[in-house]
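These are the structures in question, set out in turn.
Each of the next two complexes has chain A plus one other chain: chain B in the first, chain C in the second.
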Partner chain A sequence: MSGAKKIALTDRIGVAAIYAIGLLSLALLVAPSLIVVAISFDTRSYVSFPPVGFTFDWYAKLFATPELIQAMWVSLKVGLIVTGMCLALGVPTAIACVRGRFKGRQALSVFVLFPHMVPGIVLGIAILFAGATINARPSIGLQSLAVACFILAVMIRIVMARLMRLDVALEEASANLGATRFQTFRHVVLPLLMPAIWAGAAFTFIEGFDNISVAIFTHGHRDRPLPVELMSLVQNDNTPMVAAVSAAQIALSVVILGVVSSTLGLEKLND
Partner chain B sequence: MLDIIARFANGRGFWPAIPAVAFLTVLMVIPLVLLLSFGFSDIVVSRGVIVSQDFTLDHLTKILGDRLYLLTFQRSINLSLSVTALCLIFGFPVAYLYLRSGTFARRAILIAVIAPLLTSGIVRTYAWIVILGGQRGIVNRALLDLGLIEAPLRILNTHWAVLIGMTQVHLPLMILPLIAVMTRHDKALDEASANLGASRLQTLRHVILPMSVPGIGTGATLVFTLSYTTFVVPQLLGGGNYLNAATMAFEQMVYSLEWSKGAVTSTLLLVTCIFFIGLFTWASQTTTRWIRQEGVA
Partner chain C sequence: MDGAYVGLAPFVAIDGLTKRFGDHVALADCALAIGRGEIVTLLGPSGCGKTTLLRCIAGFAEPDAGRIAIDDTDTLALPVNRRPVGVVFQNYALFPHLTVAANVGYGLKMRGVAKAEIDRRVAEILALVSLSELKDRYPIALSGGQQQRVAVARALVVEPKLLLLDEAFNALDAKLRAGMQAELRKLIKRLGMTAIFVTHDQDEALAISDRVAVMGSGRIAQVANPIDIYDRPASPYVAQFVGTSNMLEARASGGVATLPGGIKLAAPISGNVQVLVRPQNFEILDASDARAGWQGRVTFGRPAGAIVEYEIDAADGTSFKIAALRDSPAGHLPVGAKVGLAVRDAGTCVVFEASS
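After this line comes the complex of A and B, so read on.
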């Protein structure tokens, strides 16, 4: 009897300890972002916590800083170009990898997913070298190409995962009912793929907008994207304006999280 | 446009993948080959364009014989392994919490884990400057107020700041694969174990932990490779003087413009990184196989 009690007690203590660490980790994941948001409204001109007042001044200053606005536009452009390229290149490739019936299909999957193993810093430096060899200087174009190359695998993988779960019988039924290949794609496959395509687009856009590991080597000298600007701002600026920029980015990521969770569902995202 | 996509997409052949294969060849294969070749050359750069390139083994032999490089790569590997271990220690309980939670709590946990992933790494690192920074930093203020320390601790711009910040920034990458494998397995297995009289700790040890091995493998690979190759966290939290392999490559490329050295450093970074990915994958597969054979799970 006392043995069973002892087990029950150690069990309880052990599980409680694991829960405690879990809750601590969750708090550590969320708290820093909340602190940054709180600081962005502080009235003092240096960064400290907790804030002593409430003001929108730092946001006003943010929008009155032309370098930051310019950087935001650059990042927006890169994000859209990267998303467009990854959609155009990634969706057909995913279909070939899953539905294709040809020799070397496995090899194709390995090849197109390989860039995911290449660290961003290495790819960025390699593309900078390649650009320098053919006289293509760093620019918005080079940055977009480089980031698209870096993130294409993610788009392919998301679409592939969804496609593997789609029943081939649906496509066969459509063909048997007399649909052309285009009709089958347009009315059967594409609608079923849309959630994955949306999720892939959201992720590639974020990467295009936020990537620094590749972008820092390939961005144009006059067209500094937001992460590059932010990196030097964090190193050189001690005012809560940096917190305001950060808070704005956090708000953006919350919006994108909402889009992804309503299109694909958070649980499916992680499968 | 749709018509073109459809014609590309509906074939059973290789050709829908041709554009992507061409794209990756031009932007990945050729640049990586060039990267390798640059390590064997003497390069003169002017305004971002290569003026001359001559074959030499100087850089390679110099770097391979330089103790500074050896120490720097060692530091990188130590740091990344520590971060991976810490992420496992802090991440596993979160996944366990998720497994034991109801629908609402599960949603909340997923949001807490995924939201940081969608936020810029620079922003998340910046938060740690605020928390750990000088006298006004939150940690120092709290410790001073509690009377635990007399003078503010120097945490920012040390190895510890890099370790703490990197662990928190990369934690979601460990938690998500763990949640994925844990929930994929049948809950019935778990319940059967409880019905057979196993305590929750015994179930954890003999059922949940063994079945999480592939998730630990994936998570460890992701955390390790990112910790090994990011320059953002060490640059911002380590101050200018914290040197690991990634910051070294970054500085050679951006500040000192030593492209040949940068080429060798990043080639070494790539090769060692792929070696560790292989090692982690092998370890995870071997462990999984061993568990199946022994019938632990």
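After this line comes the complex of A and C, so read on.
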């Protein structure tokens, strides 16, 4: 064994560098969230870091603020509607884009990604004006539609990626064993797409819940979603309650992704 | 005699089958007749259209022209899921989210067979392929050989009239492969099933089939039993694809072709001809031996089991592939040795028209 595997110094430096970059990226991604969480427990009545004490007061105040609770319900509704719309439209579209045999299939699979490339604010204004022409006023419905339009591409991409890696031979085998097209979809394709569908649902729900760029132009005036409510809160109020609301939102996202990854395994999203 | 199908109306009749991909002709006017209970192998080099032919039979591809009948029923008119054909896919295509039992029972379930009946038939077929213990495993937890048996069981349990196997042994290592070939042949024969195997491995074709259809660039070059394919190839293409061959040039006139060394062969044609001589049909002589038709020098020698394979280059540049028994006097020739060569038996040579 002696000296059998001596790792070259350059290799060790390389590995160390990769670790360093990885840790730095992770820190940059996570640190802001951690700071927000820390501030939300501060005892001072203005936002400042580092915190000097520990209290749940801001959370208590949060739950005692009816506008925030109301906004949370609105966002929850929007999240669910957006998820529903993206499932209903995204899954069939992804299947058509990958397995379809019609003219313009390639064009379609690029076209459906467009709304996601337009800046959210532009898309929001566009849908606001488009809605006005058919008398659709800003509302939970219009906001959901707009956000769904924005995030549909993500659902489609996730499902398409999974489908492209599904061996066509599985579907041929199913047909060969006597299954109709619907049976093949029901018993082979759908179960194997499930991890991707769950992942897509999680991402679209989170987007529906906390999108602001599109929502700010399309939300109903009496149905202000959480991010919009939060923004006006930040403008008028500088207490750590803002941080508490953000922390609650972060917690929700963590819970959703945690559930998805532990029941399906996040690694499954990649295969 | 030539191994063509003889008997009543064939069980599987393929006629004039043509398939193009753009301007590439993948199948050109293929015809094949298979008797009930027969095992036929499609043998040919990569890209010659074997898989395409299977896919046309199974309904995964649609031919541009031609006819396929199975048991007197026009098969091309049936949708994929109604064809009486079972397929064992190249990489088995087992459903990864289903257990072995559910994979095998899948076809029955799709046909609406009752649960108890499914269980009974699945248990029966799993016993037949000795997989009963593994019925609750998922495909990912099976070895290659076990996966192959699941794939075979899954295809057989719905009782197809014709079984198609595309390179079914490719994923197995050489030793397991030989065992599985013999086992599968026995199983298919026991069930009286008709089967088409696809392979580009000639040993596999010879080991498993009643008849071999040799394919080349979209055409079926010859259909015959394995021995006739080897001994009486219908064309130089078949001769060169199956086994090792030496193609010698000669002239024929008056129904006789003459090889160097005075060997005379019956030749149905006149003019320039090619003569197939198999490696073991040469005798290695002393360089000075008067019977020798050629003088040459050993350039390469390789022991392979009981024989030695030599490459011997003649003075005129012709290269011969020769096989000699290892425990014969010619079994230990060093590279560079000068030898004489003679054809042993004119009767096993095959004469072809020279390809201009």
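FYI, the second predicted complex is superposed on the first by the 235 of 271 C-alpha atoms of A that agree within 3 Å, B and C clash if a C-alpha of one lies under 4 Å from a C-alpha of the other, contacts with A are read in each partner's own complex, and residues count from 1 in each chain.
Going forward, a contact is a pair of C-beta atoms (placed from the backbone, for glycine too) under 8 Å apart; a residue touches a chain by one contact, two chains touch by 3 or more.
Note that the structure is predicted; figures quoted are calculated from it, not measured.
After superposition onto chain A, the partners chain B and chain C occupy separate space and fit alongside each other.
Once the two complexes are laid over each other on the shared chain, residue contacts for A:V188 go to chain C alone; chain B is not touched.
Between chain B and chain C, it is B that contacts the larger number of residues in chain A.
Of the two partner chains placed by superposition, A:T204 touches none, neither chain B nor chain C. After overlaying the two complexes on the shared chain, residue contacts for A:Q143 are found with neither chain B nor chain C. In the superposed model, A:S40 lies in contact with neither chain B nor chain C. Of the two partner chains placed around the shared chain by superposition, chain C is the only one that A:S174 touches, whereas chain B remains out of contact. After superposing the two complexes on chain A, the shortest C-alpha to C-alpha distance between chain B and chain C comes to 13 Å.
Across the interface of their complex, chain C is touched by residues 167, 169-170, 172-180, 183, 187-188, 191-192 of chain A. Chain contact summary for the complex, chain A toward chain B: residues 7-8, 10-11, 14-15, 18-26, 28-30, 32-33, 35-36, 39, 46-49, 85, 88-93, 95-97, 99-102, 104, 108, 111-112, 114-115, 117-123, 125-133, 135, 137-138, 145-146, 148-149, 152, 156, 181-182, 184-186, 189, 206, 210, 212-213, 216-217, 227, 230-231, 234-235, 242-243, 245-246, 249-250, 253-254, 256-257, 261, 266-267, 269-271.
Those residues of chain C that touch chain A in the complex are listed here as 58-60, 80-83, 85-87, 89-91, 93, 95-97, 106-107, 109-111, 154-155, 158. Remark: chain B residues 2-3, 5-17, 19-21, 23-24, 27-28, 30-32, 34-35, 38, 45, 47-50, 89-91, 93-94, 96-97, 106-107, 109-116, 118-131, 133, 136, 138, 141, 168, 171-172, 175-176, 179-180, 184, 199-202, 204, 225, 228-232, 235-236, 246, 249-250, 253-254, 259, 262-263, 266-267, 269-270, 273-274, 277 touch chain A in the complex.
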